[in-house]
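In what comes next, chain A is part of two complexes: it sits with chain B in the first one and with chain C in the second one.
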Partner chain A sequence: MNQHILKKEELDAFIKKLAKRMKVVAPVAKGYDNFAFAEVTSADEIALKYVPTILPPKKYFMPVREKVLEFSADAKGFTQKPVVEYEETAIFGVHTCDLAGISCLNMVFSERPRDYNYLTRKDHLFIIGLECLSYCDEHASCALVNSHLPNGGYDLFFTDLGDKWIIHVNTQKGEDLVEGMGLPKASAADLAALEQARAAKREVFKNEIGVEAKKLPGIFAKAMKSKVWHGVGERCVSCGNCTNVCPTCYCFDMADSVGLDLRTGARTRTWDSCQFETFAKVAGNENFREERSERQRHRYFRKFSFPLDKFNRFFCTGCGRCTRTCMAKINLKETLKELAAEHN
Partner chain B sequence: MKTANKPAKAPAKAPKAAAKPKVAFFDFASCEGCQLQITNLGETLLDILGAIDVVEFREAISEKWDKDYDVVFIEGSIGDHHAEERLKKIRARAKVLIAYGACACTGGVNGMKNSFKLDEIREHVYGPDYKWFDSTPTKAVHQVVKVDYFINGCPVYAPEILEVVKHALRGLPYTVPDNPVCSECKLNENVCMYERGVACLGPWTKAGCNSWCVNNGNICYGCRGEVSNPSKAAQDVITKYNLKPELIKNKFDMYNKCKENDQKPGKGK
Partner chain C sequence: MPTQLVKEEIKNSNWKLRTGRIIAAKQMTPAEKWFDIALDDGELDHEPGQFVQVEIFGVGEAPISVCSSPTRKGSFELTVRAAGRLTKHMHSLGKGDVVGIRGPFGKPFPVKLMSGNDLLFVAGGLGIAPLRSLINYVMDNRKEFGKVDILLGCRTPKDMLFGDEVKVWEKRLDVNFNCTVDRTDPDWKGNVGLITTLIPGVTINPERTFSVVVGPPIMYKFVIAELLKKGVPEKQIVLSLERHMKCGMGKCGHCQIDHPKNYYCCKDGPTFTYDEVKDSPKL
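Let's look at the complex of A and B:
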């Protein structure tokens, strides 16, 4: 589709017009170099240069807590009603690593049995990407998994060309919006400038761990008994932060809660984490992943091994959130390097 | 949900409370702040009062009810022989016993007494005639009698009171979450206290309060008690954020000193 242009001084008008049509969320500074996606109504609230937000935009696709069912039981019998809550929302400023995360979740939730709550909500989300031309920080490993470049999964995608953004339009919804706002088409010079920006980016973004991505499956094939997991497991405090902040983690817990009338109630799903002691515990107190080392190993295999067989791609986007948030300094890039060193 | 590893777990089949159950509240050593939380329930309180029959509330009705109780709430920790005897008598008359608040569930701040030699602390508090004043090391309620439900927290968290009451009314066991407070804190997207350079006990403390304190700009003080299998390796957390190990330990002792009673063989339960 087409490329359009938005002058930087016109961003505020763009956001305001968009906010008239739907709720707009964008990265907002929370202090201490932390950012979060939150509702905005003007451009000056938005942090255009930001380190990946505390929680990824998955929170809009799959809310942290979500009512999925209402039920009631009385003399007339048992009735239940599925609940899908959604709101027309534009997510502005999504980095390519997070676009990759959304693609992963789309694959997971489109599998049968389909997750209608996720898929319905997805249809009401309008995604505006924003390209990084330099690294967010030293914890990123997006080039390793090739998620530093746009690869679809958005309606519009912004790339900085100095005093303006060039906007790649990827969907009909996106086309309607930019046409409706009367944004001019990009000129040949703008397209050349985009090429230049990408060429410069190639010089900045390089494989961050010095091990080729195509070697990772082989490394993981031999990593089940690695000592690396013991080191990691001894340090981990099982806070679950690494999975809660991960754009591709999707595990949840379901719980029914009944009202004081003891007749009506609702079912809620809440994000869960494989790092919690309770996650793999079953009746009789048997725990399939009792040791922290086993739980950490599981997390890494869930990113670099299992999804490869199932979806033919890594489920790590290199966003670096797990490293930033880890209470115990467990570092994804370091762990991968240690695993690679063990088997070379 | 999963089962909490409390020494006295709610049994798989908790005793079922009667249709309009007779409920009583008793306090032991506490600040009574947890009772105040009941009034903070607002409209929900009226609904709860519609479902139960309160026969005793603190000293107000003063132990006049002479039949059995369907549900008793015990607030406070146990700190002398008289309290132990009184608690055992209440237990004998109660079908369901709920430990209510940190003092009752974990010993709470009263546990700090156990950091000192008993006589020294008695003398400090009561003066030279301290021998006249009965005092024992602080115990949590489950360290004296069997507990069916725990409502942790200093103070208790209102939505959890409601959850536990509903479980008790249905005769179902309630499971105290055994994940760390961080799990809720992260979902609330707070900036981590450690990022602000302040030590927080969230990684070792049981969730269930929806990271109440951090949401309001405070650290977690550990009031809900330690998770059942806390990580021993606080060292990395401490070095990552340049903290002193004693700092974390001291902060922890504020609410968790009585846990040692569970660990000493032959003491408590």
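Let's look at the complex of A and C:
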């Protein structure tokens, strides 16, 4: 364990030094209790205490829209160039729920056939985590899925110890940075304080739905025909907000665009949502998930059932974004409780 | 700014296209057009039941089943129904035109498992396209298989695809062929009725029969019920499911089927045994 110390009054110098090396993004207050990851150059712009940002940091790994292929065509034939765009960026202040989300996406995109657009960008992102020692709000369910404690997935990880941060250094890149800035090593007393903070945290963060996580696979195994989906489907307005803000949703659509010269163009990947009516529609108008209830069921299965087979973990990180953003007040914790109640 | 946006070429990108040249094309019906495509960089190297992504520059991509058998070398064939944006555009293409190709993708029909068994093919409508890749494979490796029955159903006699080949299948002594139309016309002398009506008339040894069924979702429901009635084991009923695969790499999410298991049609399918997907509310 390699732990360093940063005094709180030195955060501004830390951010400024970091911003000299690369672009720095961090949670910034946007008003009405909304926060967003945006570029910062000093510490006073950063919201250190924040409710999960509107969009998770996945937007840096997988932009809302990205070119994957450029092409040009004329009478002689055509040429193509697969491309990726990236920028050396440090993401500061990533909560453990979002670290878990990034790990999920890393697994998906490194599975063969690999997605080199995602993987290239990932190599140029420096991740600085920030621990929550209390709940952000009542919608979080991170303890249920065990993402309230850090499980790797970062270069540096900050935990608040009152007048200072203790920084866990997890990578060589992180080591080089803190050594370069001359941050002192943590003392035995600091390590003890960290242990104490974690112990106190374990008392605060408890399973938020009163249903054990290990029971969820069994509940979902019998949930395909559950009545709960009808209730959820009746409220859903198919806006796609829940999937856009989800740190583990990555479904996308592909489209071509042509330049005004009618010779050059590009193939573009855009975020898509399984909540949209056309998502599972095929030629000939057959729609495999025509009903909103079917689409909502699909979303829940993609969080609590399918990924267990393939990746041995839930693809819900407990961040609570889908519940916060839902205009129809579809509540993830409530839905899980209803499914569990029906199962018993 | 300390850093700037970097744009790099990805040499091994899976979005890279192969160039396909249309060497022959034919309008089969008003809705369906057939294409014979040769790749500039060699064989497609596919197996029966796989599909490719066809790209028309500036229009986009669509997944299309390969309808030719890999035993026929040099080029591959597609049957394209004008149903969406890409496919409608494709109908305006002809000999000499160039398209982008990615693939082949997907799990092929289990030809190795099927060898040494009797085969019962059931095709409805455009389902004959993917199934033809397997039928012709079997024709070219005929001695590896037992008795072969082909049942074909289409809406009207005019909708029948691959009419010339169908005539050959009708004549061949090593294949039993039967066909039906939903609605007849004055020149039609064959069966009229749904394809399910042909199944009871087929003599099979269910334990050693593989039945491969390809058609619209509604057909699966009724044909599978008939096959189960005949005693064909669930593991020996093979289907090819239709979904709109946007990437072919098991990522975009569009082709995932509703099933407790994590099935992507593009990677885990499009061919499935009935045993694998029977818990899905909609095939």
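Observations, loosely collected:
Keep in mind that, in the parts below, the second predicted complex is superposed on the first by the 343 of 344 C-alpha atoms of A that agree within 3 Å, B and C clash if a C-alpha of one lies under 4 Å from a C-alpha of the other, contacts with A are read in each partner's own complex, and residues count from 1 in each chain.
Keep in mind that, in the parts below, a residue touches a chain if its C-beta (ideal position, glycine included) is under 8 Å from a C-beta of that chain, and two chains touch if they have at least 3 such contacts.
Please read all numbers here as calculations on a predicted model, not as lab measurements.
When the two complexes are overlaid on chain A, chain B and chain C sit side by side with no clash.
Contacts of A:173 after superposition: neither chain B nor chain C is touched. By the touch criterion stated above, A:73 is placed in contact with chain C alone, chain B being left untouched.
When the two structures are aligned on the shared chain, A:343 is found in touch with neither chain B nor chain C. Shared-chain residue A:258: touches chain B and chain C both.
By the touch criterion defined above, A:241 lies against chain B but remains apart from chain C after alignment on the C-alpha atoms of chain A. Residue contacts after overlaying the shared chain place A:49 against neither chain B nor chain C. Looking at the superposed arrangement, the partner reaching more residues of chain A, out of chain B and chain C, is C.
In the superposed pair of complexes, A:298 makes contact with chain C only, with no contact to chain B. When the two complexes are overlaid on their common chain A, residue A:281 makes contact with chain B and with chain C alike.
Distance between chain B and chain C in the overlay is 5 Å (nearest C-alpha pair, rounded to whole angstrom). Chain A residues 253, 255, 257-258, 262, 281 lie at the interface with chain B in one structure and with chain C in the other. Chain A contributes residues 19-23, 68-69, 71, 73, 77-78, 80-89, 108-109, 111, 113-117, 120, 124, 220-221, 224-225, 250-258, 262, 265, 267, 272, 274, 279-284, 286, 288-289, 294, 297-298, 301-302, 305-307, 309-310 to its touches with chain C in the complex.
Residues 30-34, 36, 54-55, 59, 64-65, 234-241, 244-245, 253, 255, 257-260, 262, 270-271, 273, 276-278, 281, 285, 292, 325, 327-329 of chain A are the ones that touch chain B when the two sit in their complex. Taken together, the chain C residues at the contact with chain A in this complex read 1-17, 19, 55, 57-62, 81, 83-84, 87, 98, 100, 216-217, 242-244, 246-247, 249-254, 256-258, 260-262, 279, 281-282. Listing the residues of chain B that touch chain A in their complex gives 1-3, 44, 47-48, 50-51, 162-163, 165-166, 169-170, 178-180, 182-183, 186-187, 189-192, 194-196, 202-204, 227-231, 233-237, 239-240.
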